[in-house]
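Each structure below is given as structure tokens.
Heads up, the next two complexes both have subunit A, just with different partners, subunit B and then subunit C.
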Partner chain A sequence: MRDLDVVGQSYPQIDAMEKAMGKTKFVSDLALPNMLYGRILRSPYAHARIKHIDISKAKSLTGVKAVVAYADTPGIKFGPRTEDWTILASDKVRFCGDEVAAVAAVDEDIAEGALDLIKVEYEELPMVSDPLEAMEPDVPLIHEDKPGNIAFEFKIDVGDVDEAFKNSYVIYEDRYYTNQVYQAYLEPMGAIADVDLSGRITFWVGTQIPNMMRMTYAKAMGVSPDSIRVIVPDYGGAFGAKMENNVHLVAAVLAQKAGYPVKMINTRHDDFIAGNPRVPMYIDIKLGATREGILTGKEVRVVGGAGARVVYAHAIVATACYRADSLYRFKHVRSKGYTVYTNTVPTSCFRGFGNAQMTFVLESALDTIADQLDIDPAELRIKNGIGPDEVSIHGWIINSCGLKDCISKATEAAKWQEKRQLKKPFRGIGISCCNHVSGNRAFAREFDGAGGIVRIGRDGRVTVYAGESDMGQGQKTVFAQIVAERLGVPLNLVHVAIVDTDFSPFGLGSFATRGTLMGGNGVLAAADDAFKQLADVAAEMLEANPNDIECSNEKFFVKGSPERNVPFKDVTEKATFVRYGSPVVGTGFYNPGTELPDAETKYGNISPAYPFACQVAEVEVDPDTGQIKVLNFVAAHDIGRAINPMATEGQIQGGVIQGLGWALMENMVTENGSIANPDFLDYLIPTALDSPNITPILVEPIESSGPYGAKGIGEPALNPAMSAITNAIYNATGIRIKELPVSAEKILKELKKRPK
Partner chain B sequence: MRIRPFEYYTAINQSDVLDKLAKYGPDTKVVAGGTDLVLAMKRKTILPRVVVSLHKVRELDFVREEDSRVCIGALTRHADLAMNTTLNDNFPILCEAVSLIGSWQIRNVATIGGNLCNASPAADSAPPLLALDARVVIASSEGEDEIPLSSFFTGPGATVLKSNQLLKEIVVERPKTRSAGCYLKLMRKKAGDLSLVGVAFQAETDQAGEKLARVAIGLGGVAPTPVRSPETEAMLTGLSYDEAIKEIPEAARAAVRATSPIADIRASADYRRTIVEIYVRRAAEKILGTLFNGEDIQK
Partner chain C sequence: MKVRINVIVNGEKHHLEVKPNHTLVDVLREELSLTGTKKGCGSGKCGSCTVLMDGRPVNSCLILAPQADGREVVTIEGLAGREPHPLQKAFAEKGAIQCGYCAPGMILTAKALLDVNPNPQEEEIRFAIAGNLCRCTGYSKTVEAIRSCANSSRNNRPSAGRKAYA
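This part shows the complex of A and B:
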């Protein structure tokens, strides 16, 4: 491969200026002529039967154009994976915030005022908000067809775990709890929906999965998928949350009824109570090791709270059950996972997808075992860590793997040895590792992979179409760099279109840390195709063989003689003319060759590549107040080649701060079935002042399956952060944190239990 | 979370405000920075019929030295207070406290008058002002009245202000001898959080600089209103450095007796009590060091 010009360079995001100057139009900024504003009447009860709804008064309010309840919806049961959803509540409400009725009016004030005029008679039912309680006998059923409130069970059993435990020198066993946290993206969920005369519905919506959403919504609305168009304008963050949500569908039902476009954006309050926060989990872990510190067996039982309906909680619980097994050389593992209904807000994806929860638990357990065996925790991880060209216990083919490099680089930068040897009172240093995927065949339904389209106009302007949307993570910039590199043009010639299901490839979406590897390979294949078309024209102009044509710095030339060249734009113009105005359109796709895991054994290579990481945190604990200060943070990440090192470092910094927030302050508190802190006054997220100095380290083994050798960074940036901090707290105080988040008050309580 | 319709009036000066308050009656609210009022209106806990804006009443935005006193206009913003040289020279404790309010965005619009009139038990300007024996000037179309701040608060969110009255200014006597003070604020993160506990510790030496002539402690977030801790103050007043250092642990424990904290989602009552003790101890040690050993000297 020749030297790279654009890939591997640090560029600001290609849309950074627009965003910094306030020019970007986010979903909330958009307006259509005659647009109405929608609001949803949400349930004040966690569990109640709806006895009667009267919308007549609301309908007669001046300015109100439509009022809808269940009877006005198609009344179809649907769901992204489990058909336990309806667009509005039919006979009962299942959580505080459940959608009961909705209004569209000429302005937001009238819409909100009209909500007060809808009269709903409820009969309260006994409710349950804790997933462990929900599984107990004689607990009210949230969905009558699901005994024990169990929506899903997941099982995996490989090797002989009982035998492995028998052959262990130490066995650690404990229960952990990871709490419900909110993604806290800048822009709340919402959509504009419009219906044309043929009945075709267009959504302008910030979503990570435009095409999968379209399939789900087609079912919900009782129409064919081609009767739905999803346009994804720029949108303000997602962190996993922006998948399917009823707020979009309610907008569509209102638009159908009113005959005008309807804009429905959650208030922050509604987003807290009816978004899709992280799946809370109780995790029982049993972990064994030999005297030398070789891990023998692992057994976990995961109980995840899905809330009132399943969004993707079952897949998240499954991921928690087994993904982390491929971080180390496990031979014997057993997991049971339960996805349990509760009368709380439906939970779903959040950066890490269950692996974040389990990484916290596994890495805490490992830390304890290291302590019991008196082995350096970093050493323990190096001893057991998986390496390149290995096949993991679940059949995952690890191509590139910089795990051990990450460990040695992170510990060196953090002065691990020195800090542990010269330990000061109430100061501590902790380590944590993680693995992840770059795409997840177990989650994608029909296929995994990606397509791309590269269109080049007469003027040489390049437009890239992909199915993986940019929510602020920088997907557009990465695609532009990949395409610019392949075509041999500067970055500013390449533009990336928003995702629109009418024009873009059928992409699975931006999740599972798949955007760069899958989407990047898709647009690279398309750029390849476009390049070949241009090379044919350039070859004619240069009187050469098309196979010998290269392009760099915007000039086509024959390999080996760059001095005789034709400008890129001359070639694109010529190409357009000889085709009678038809633009050069390159298309292509990437097939990752991954396997759908076996239904029984879950064996199968689910991703073309696996990123790894090691993070080291240093903390100081105030023995009087229990307050925790994170002094320093080093995050070493194996991401394959960094397409854009600066953007990658940004992802790492953001992931670490988000993980720090989860570890130390973020918590959705449920009291009597409703969220007690649905605002940023009491749902705390870290500020710049809470951020320690973070040193990102890029470990870049070239990944053979990745575009220019890249893997992914989104989720692994966060996964190890919580346990790096809690392991450091353990090192500082001897307190093992088994429940997130850790507050100063909790620490002080533990410190006070100690004999003085 | 939309604001219900209301009538809005921009007053041009103080007397205009007072006229409007007299005219529109009890359903009227003045708005300064709006950082408390607008939220309350969104939550519908306050539903004024008329809102009178103070933003053009610049005559109430000042810090002025008057003989032995310093007067602070009610409309002075926290960001300006934090950087004001007169205040930094005389009452750094106040600058420290208001610099911990919210964030830059909040401090650039929120006012000290709004902070006091909103009467949150956790208002950060209140404990230092209480510890400074501040007085407040209350104006209405009928005239002015000056009362001690300690009798201004009547409960959470409640003050002695009548609907036709405006808080005009805050008045603080300049210390006559060597003084120092500090404010310790317990937050769940490093910025943008309300005080779970706020401890203001202010002390003065005698003329000779040998003994503590005055000790005053203001406590926020631990009682229905911001309060003083007379018992602790008495225990330390009149002591030399060595005597005071010995007395601090006991005096800090006594401060807890001035409190009656609640338990809520932010912290338990017990934790708040523990922090009062620790923060009073830490503040006292720090201020004694400053006053007697010249550590971190303040003018």
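This part shows the complex of A and C:
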């Protein structure tokens, strides 16, 4: 491969300056003529029967243009995977925050005021908010068709786990709990919906999955998918949360009723109580090892609280049940997963997708086993870690794998050996690893992969269309770098369009750490096609064979003779003339060749590549207050080739701090079925003062399936952070944290139990 | 009932009739179409709506519109002169912007800090921006960007990039 010009360079994000200047129009900045403002009346009860709704008074308030309840909706049961939603509650409400009715008015104040005029008569029902309790007999059913409130069960059983445990020198067994946390993107969820004369609905919405959303919403609205258009303007963060949500559909129902566009942006309070936070999980783990520290068998039981709707919780629980098995050379594993309905906010995707929960548990268990065997925890991981070109227990084909490199580089940078040996009181250092995917065939429905479109106009301006939206992670910049590299043009010639389902490919979206590998390969294939079209024109101009044409620095030339060349823009101009004005449009796609796992055994290679990581945290615990301070944090990540090292570092630093927030600060507290801390005063996320400097280390084995060798980074940036910190706390104090988050109070309580 | 206010925004005088319960962020975004000021929580907890009022950073969602009467306000749109402000450049170039929703408020807070403390230590920077939440970057690059604009890291203090009225 020739040297790379654009890929591998730390360019600022291509839209960063617009954002720094305040010029970017986010979803919540958009306005259409005659636009109305929507507000949702939400249930104050966790579980109640709706006896009567009266919207008449609200309707008569001046400035109110539409008021809707269930009777005004299509009344279709739908859902991204499980059809347990309706747009507004029909006969009962299932969580505090459930959508009951909605108003569109000429301004927000009037809409808010009109909500007070809607009268709803409820009959409260017994409720349950804890998933373990929800599974017990004689507990009220949240969805009558799901006995035991169990929405889904997941099973996997490979090898002979019982035999493996018999052959173990140590067996560790314990129960862990990972709590419910909120994604806390800075721009709340919302949308503008507009309906044209034909009834076609356009959504302007910040979403990671515009095309999948379109399919779900078509079902919900009772229309064909082509009657829905989803436009994704710039939006302020997502971290897994911005997928399907009723807030968008309620805007559409109001727009239909009112005949005007309706803007519906969650207040922060509504976003807390009716967004889709992380799936809380009870995880029982049993892990065995030989005297030498070779892992023998693993058994887990996962109970995940889905809240009142499944959304994607079943897939998240399944991921918790088996993804981490491919981090080490396991031969015998058994998992049982339960996705359980509760009367709480529906939970769903948050960076890590179940693997974050299990990584915390598995890496805590490993730490304990290392201690029991008196083996260095880093050594234990190196002994068991999977390597390049291996096939994991579930049939995952590990191409590139820099796991052991990550471990050695992270431990070296953190001075692991020295700090473990010369341990100071109440200071500790902890390690944690993770694996992840770059795409997930098990989650994708009809296919996994991606397409791209590269349009090149007369003036040489290149526009890239992809289906993977940029939520702030830098997807546009990465696509632009890949396309600029392939075409041989500078980055500033390449523009990336926002995702619009009328123009963009049918991309599955930005999730599963798939944007760069899948979407990047899609746009690379499209750029390849566009390049070939231009090479035909350039070949004629240079009187050469099209197969010999190359382009770099914006000049086409014959391979080997760069001095005789034609400028890129001359070729694009000529190409437009000889095509009578038609632009050069390259299209292409990427087929990752992954496999849908077997329904029974779950065996099958679900991703074309697997990123790995090792993170090391150093903490200090105050013995008088229990306060924990993270002093130092090193995060080494195998990401294949970093398309943009600076952006990759930014993903790592941001992911680690989210993990730190989860480990030490964040907790959605549910009291009597309602979230007791639905604002940033009581739900604290890390500020600059809570955040240590993170030292990112990029480990870059070239991944054969990736665009220019790249894998993904989004989720693995967070996965190991919690257990790196809690393992450091263990090293500092001997206190094993089994429940997140850790608080000073918990630490102090444990310290006080000790004899003086 | 509406209240009349006179406010200077980005050097321009405005005579406005505002609802007394409206906040400065609403006035900026809705009346003046200055949507660079973001609304993240509406209750003064996230800092996305930070603007400079008489040179000091304030959560504009906590300022009632009538309280802005007679004041001078600078929003992100008014920070740049002919050239972007050095902080704007630094934020973009150093990777301190991911989704960018917090950026306008964060940049204005940093500007207010550098105005009173042109050469802050890292802890002072972190303390100053502690009221501006960012969920994307983990703050490392944010701190780096602000530090790069400190007096000690610049050859010439770019008074040219500072707006006269800011």
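The definition used in the following text is that the second predicted complex is superposed on the first by the 756 of 756 C-alpha atoms of A that agree within 3 Å, B and C clash if a C-alpha of one lies under 4 Å from a C-alpha of the other, contacts with A are read in each partner's own complex, and residues count from 1 in each chain.
The working rule: a contact is a pair of C-beta atoms (placed from the backbone, for glycine too) under 8 Å apart; a residue touches a chain by one contact, two chains touch by 3 or more.
Not measured: the values here are computed from a predicted model.
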item	value
Touching partner for A:D624 - first (subunit B), second (subunit C), both, neither	first
Subunit B versus subunit C as contact partner of A:Q473, first or second or both or neither	second
Touched partner set for A:T267, first subunit B, second subunit C, both or neither	both
First, second, both or neither for A:V669, with subunit B first and subunit C second	first
Greater residue coverage of subunit A in the superposed arrangement, subunit B or subunit C	C
Which of subunit B and subunit C A:Q653 touches, first, second, both or neither	second
Contacts of A:S28 with subunit B and subunit C, given as first, second, both or neither	second
Touching partner for A:T687 - first (subunit B), second (subunit C), both, neither	both
Overlap of the subunit B and subunit C footprints on subunit A, listed as residue numbers	109, 267-268, 681, 686-689
Of all residues in subunit B, those that touch subunit A in their complex	1-2, 5, 103, 186, 188-194, 265-268, 271, 274-275, 278, 282
Residues of subunit A defined as touching subunit C within the complex	10, 12-13, 15-17, 19-26, 28-29, 109, 183-188, 234-237, 239, 267-268, 471-474, 646-647, 649-650, 653-658, 679-681, 685-689, 691, 693-694
List of subunit A residues in touch with subunit B within their complex	108-109, 112, 267-269, 624-625, 665, 669, 676-677, 681-682, 684, 686-690, 743-745, 748
Subunit A-touching residues of subunit C, taken from the complex the two chains share	19, 21, 29, 34-43, 45-46, 48, 75-77, 80, 84, 87-89, 91-95, 97-104, 107, 125-127, 129-143
